[in-house]
Amino acid sequence: MRDKSGVEKISKLASLPLSEKEISLFGNQLSKIVGFVAALNRLDTNTVSPTYQVAGKVNEFREDKPSGGLSSKEALSNSPRTIGKYIVTKGVFNVK
Amino acid sequence: MKQHQQYEPVIGLEIHIQLNTKSKMFCSCSNNIWKEEPNSITCPTCLGLPGALPVPNKEAIKKCQLLGLVLNCSINKVSKFDRKNYFYPDLPKGYQISQYDKPLCSNGYVVVDDSKIRIRRVHLEEDTGKSIHTKDGTLLDYNKSGVPLAEVVTDPDIETAEEAATFARKVRELAISAGVSNGDMEKGNMRFEANVSMRKVSEKSLPNYRVEIKNINSFKFLKNAIEFEIERQREGLLAGRKLVQETRGWNEAERKTFSQRSKEFENDYRYFPEPDIPPMEFGNDYIEDLKKSLALANVDPVIEKVQKGTSSAEPVRKQYTLDDKGELSKVALKVICENPKAVNDYKTGKKEALKFLVGCIMYKTSGEADPKVSLGIIKTLLAK
Amino acid sequence: MLNSFLTIKDILAGYKRREFSSKEVFDLCYKNISKSEGRIGAFVTLLDREGLKLSRNSIPVGHKDIFSTKNIETTASSNILKGYKPPYDASTVKRLSDKNFVCIGKLNCDAFAHGATGENSDMKVTKNPYDLTRTPGGSSCGPAAAVASGFVLMATATDTGGSIRLPSSFTNTVGIKPTYGRVSRYGVIAMTSSTDSIGHITRTVWDNAYVLGITAGFDPKDATSSHREVDDYLDTIEQGILGLKVGVPREYLENIPANIKDRFYESIKLLEGLGAKVVDVSLPSTKYAINAYYIITPSEISSNLARFDGIRFGGTRNKFGGEAKRRIMMGTFSLSAGYYDEYYLKAQKARTLIIEDFKNAFEKVDVLVTPVSPILPPKLNSIIKDTLKTYMMDVLTVPVSIAGVPSLSVPGGFIDDEGKKLPFGIQLIGNYFNEKLLYRIGYALEQETRYYETTPAI
């Protein structure tokens, strides 16, 4: 992530538009952070399995019963742009 | 002629099927969204508002597993949800909750005209919202966001466009018979993606590229699109062109596929386990019950016809091979002994219990028992 | 007796005895606010006193501005959410309001809770009521400052890596980071889904225990919330600590400056005096916790902040502040193809070892006691300039977050620095769901020292 193209690639993946200044600033900072966390490599985890969740739960399900929800007024209430009952965005920024 | 036969198609399908649960996949919004006003069936969770959290629908999981069973898959004992991260306006959270390396079902197959098409996996995920591109911008309706989707992924075993369409139709029938989808093509209950490539007839290995045709929503279009693509690729290869990995769409009006984007910008989905949803474990008892309920689902339409006295319409399943009354009585007696609660229920007037008992007979005979005969036998035995 | 610095316990008793009315209590809080909020800067949004609907038993509460409050602006202290009004309440907000806690405002924090000094807020800088030239700690700077200043009786907050414990320790208040999953996260703007813990800050231990009894418990809207029954956190709170085994993990005392270390050991002596037995223990994976944390955290953040696309709410992504952008970039990198195994997966393996450390320790002792912070409340505009230095402020609190065990920060007294008496805190770490014991120990310590009687001169 040290070089400019590396940072640009990540910013594209993260849909985070960065200025030229930010790209060079982040390049520096991120390298430092990467160095900092890389210390983890010294820890021997060969025989260790990962823990993704500490809650220790399994099988938390919901009954198939419809209830609740927002009115369309509430759903649209924070949208910067609407047309009728649709929420609108100007372009498609990353083609699916 | 000889030139034409130099290359053969290698086809795999991904089929998305909307499950007919009452509520959405990760929230309690209604799953009945057809023709509803835009953005009228949402909640903080399916709208992707800050702070909202997903809770999986038990019935959607069950239906996905039932679908896996009719597709001859094994039901995995351990499973989980993962986040598939990408940006698109109709994906409110900026990630889709899907399944990556531990799907609910794997390793199944469907036989199509003597050909065995292997099914790699059937997994569960949530649908996205709907986007309509206009000159004023993209209009977004999030009613569809969060609808439960089962995704069926085949191995690249399909050899012709015709076979692909037949396979897709068969999957639809099986999904309906299992009671997991309404299979309403008009409502978009099913969508297809075809992966098409060509290889030299002598080659055994898979080609080093794949063209993905996305967003096909009818069997006819599926066949047409694959046919076109096969020819397009064949022509290209014969002309010495190198074919690249890409995504294409189908234009029915012009009857051709068109490039949507090259895979240069390969989408890195950065899958990681969904931290907001605990993993899932399924025991043997649960899986056995699923199999039983499947046998039951197949029995229903036949029993109802018998009880209503209508003449036999097309049976949902193949011909039953076991109708010997002596044999079936033995099985029926066992079922009665093993299910005292159901017997009691029937005797206290719960007619549903009868269906359940017949279902048990079906299950014990691996689906071979004639349900009509079984029904008669059980009724007689219970009357004693 | 209605005085400037009340406790919830006082209020409940006062209401019962009809000594004063809720109206008077709220008036008092607003009086404190109008006197000192200008200098402290705890609130992002302060509700109009006249608009509040009070009942006979209402108690004033402030919510950290990452808790969704229906129709009340919720910004996460970030420019990208300016003007956002959630159409729903967080479950915790609702549970509290059902038990008479009336929200009087939204409290400042580091934007999206990313920070340890409060200086990453896009809205304002909150000052430490005990020294206005210093930070009150973060990310829950507003909640801690508001409680310490007598603006509210209690403030909700979140602790993902130390964000409740650190500001509590810097402001002479009591902060609980409950067991992960003890309190519902539904409606709280997510930072790190696998460590976010919903807690609160009060002036006393009793108050804190009382509130947890309200907020704790399974929520069907949060699949990670625990089904475990909620304890009565108050019934044994006065029991004392005779015979309890207190572990001091040696790794937590390395590199701690002498002034903090000395005062810390005084508190340990105090616990011994109250009947506890002190044991030396070791948690060898401790030194890797902070590295693992700064991989796991940005990774989940990068995904949790993906919903901020400016379409259904909020501004466009360029409106994120510097720290949020940094974490999104770092997280996207850690999860990306080719790096996932080396970073995210490795960190989750380290997590397994850290959890094992705690498990082993709790077989020998009932509680672990450590300092909360390796430094005193820093001067404004000092640490924030150095990202890594800011990250290191969490070094004593992060292992707890990774494991998901509960921790209570209680006042440990004051340390002189440049002529000011600066608060510092003691961290009590318990086994999963053992908050009840933490309150018992905290109460014993508190009643012996009575630091809550000291209030800031503002």
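Letters A, B and C mark the chains in the order given here, with residues in each chain numbered from 1 onward.
Just so it is clear, contacts are C-beta pairs under 8 Å (C-beta built on N, C-alpha and C of every residue); 3 or more make two chains touch, one makes a residue touch a chain.
What you see is a predicted model, and the numbers here were worked out from it, not measured in a lab.
Visitor: Central chain, going by Cα centroids?
Guide: So the chain sitting closest to the middle is A.
Visitor: Contact counts by the stated rule: is the higher one at B-C or A-B?
Guide: A-B
Visitor: Whole-Å distance, chain A centre to chain C centre, using C-alpha means?
Guide: Using C-alpha averages as centres, the distance is 24 Å.
Visitor: State, to the nearest whole Å, the distance from the C-alpha centre of chain B to the C-alpha centre of chain C.
Guide: A distance of 46 Å separates the two centres.
Visitor: From the C-alpha centre of chain A to that of chain B, how far is it in Å?
Guide: Comparing mean C-alpha positions, chain B is 29 Å from chain A.
Visitor: Find every residue in chain A that makes contact with two or more other chains and list them.
Guide: Residues 13, 15, 52-53, 55, 57, 60, 62, 70, 75, 87, 89 of chain A touch two or more partner chains.
Visitor: Check each residue of chain C and list the ones that touch at least two other chains.
Guide: In chain C, residues 84, 87-88, 194, 220, 223-224, 302, 306, 309, 311-313, 332, 336 touch at least two other chains, as defined above.
Visitor: At which residue positions does chain B touch at least two other chains?
Guide: 44, 47, 55-56, 87, 89, 94, 140, 142, 268, 270, 272, 275, 277-278
Visitor: Under the touch definition given earlier, write down the residues of chain B that touch chain C in their complex.
Guide: 44, 47-56, 83, 85, 87, 89, 92-95, 140, 142, 268, 270, 272, 275-278
Visitor: Touching residues of chain C toward chain A in the complex: what are they?
Guide: 83-85, 87-88, 180-181, 194-195, 220, 223-227, 285, 288, 291-292, 294-295, 302, 306, 309-315, 317-318, 320, 325-326, 328-330, 332-333, 336, 342-343, 345-353, 355, 387-388, 391, 402-404
Visitor: Looking at the complex, which residues from chain A come into contact with chain C?
Guide: Within the complex, chain A contacts chain C at residues 1, 7, 10-11, 13-18, 22, 26, 29-30, 32-34, 36-43, 45, 48-55, 57, 60, 62, 70, 74-75, 77-80, 87, 89.
Visitor: Given the complex with chain B, which residues does chain C contribute to the contact?
Guide: Chain C residues touching chain B: 66-68, 74, 76, 81, 84, 86-88, 90, 185-190, 193-194, 220-224, 299-300, 302-303, 305-309, 311-313, 332, 335-337, 340, 344.
Visitor: Hey, which residues of chain B end up touching chain A in the complex?
Guide: It is residues 21-23, 28-32, 37-44, 47, 55-61, 86-89, 94, 131-133, 136-142, 260-261, 265, 268, 270, 272-273, 275, 277-281 of chain B that touch chain A.
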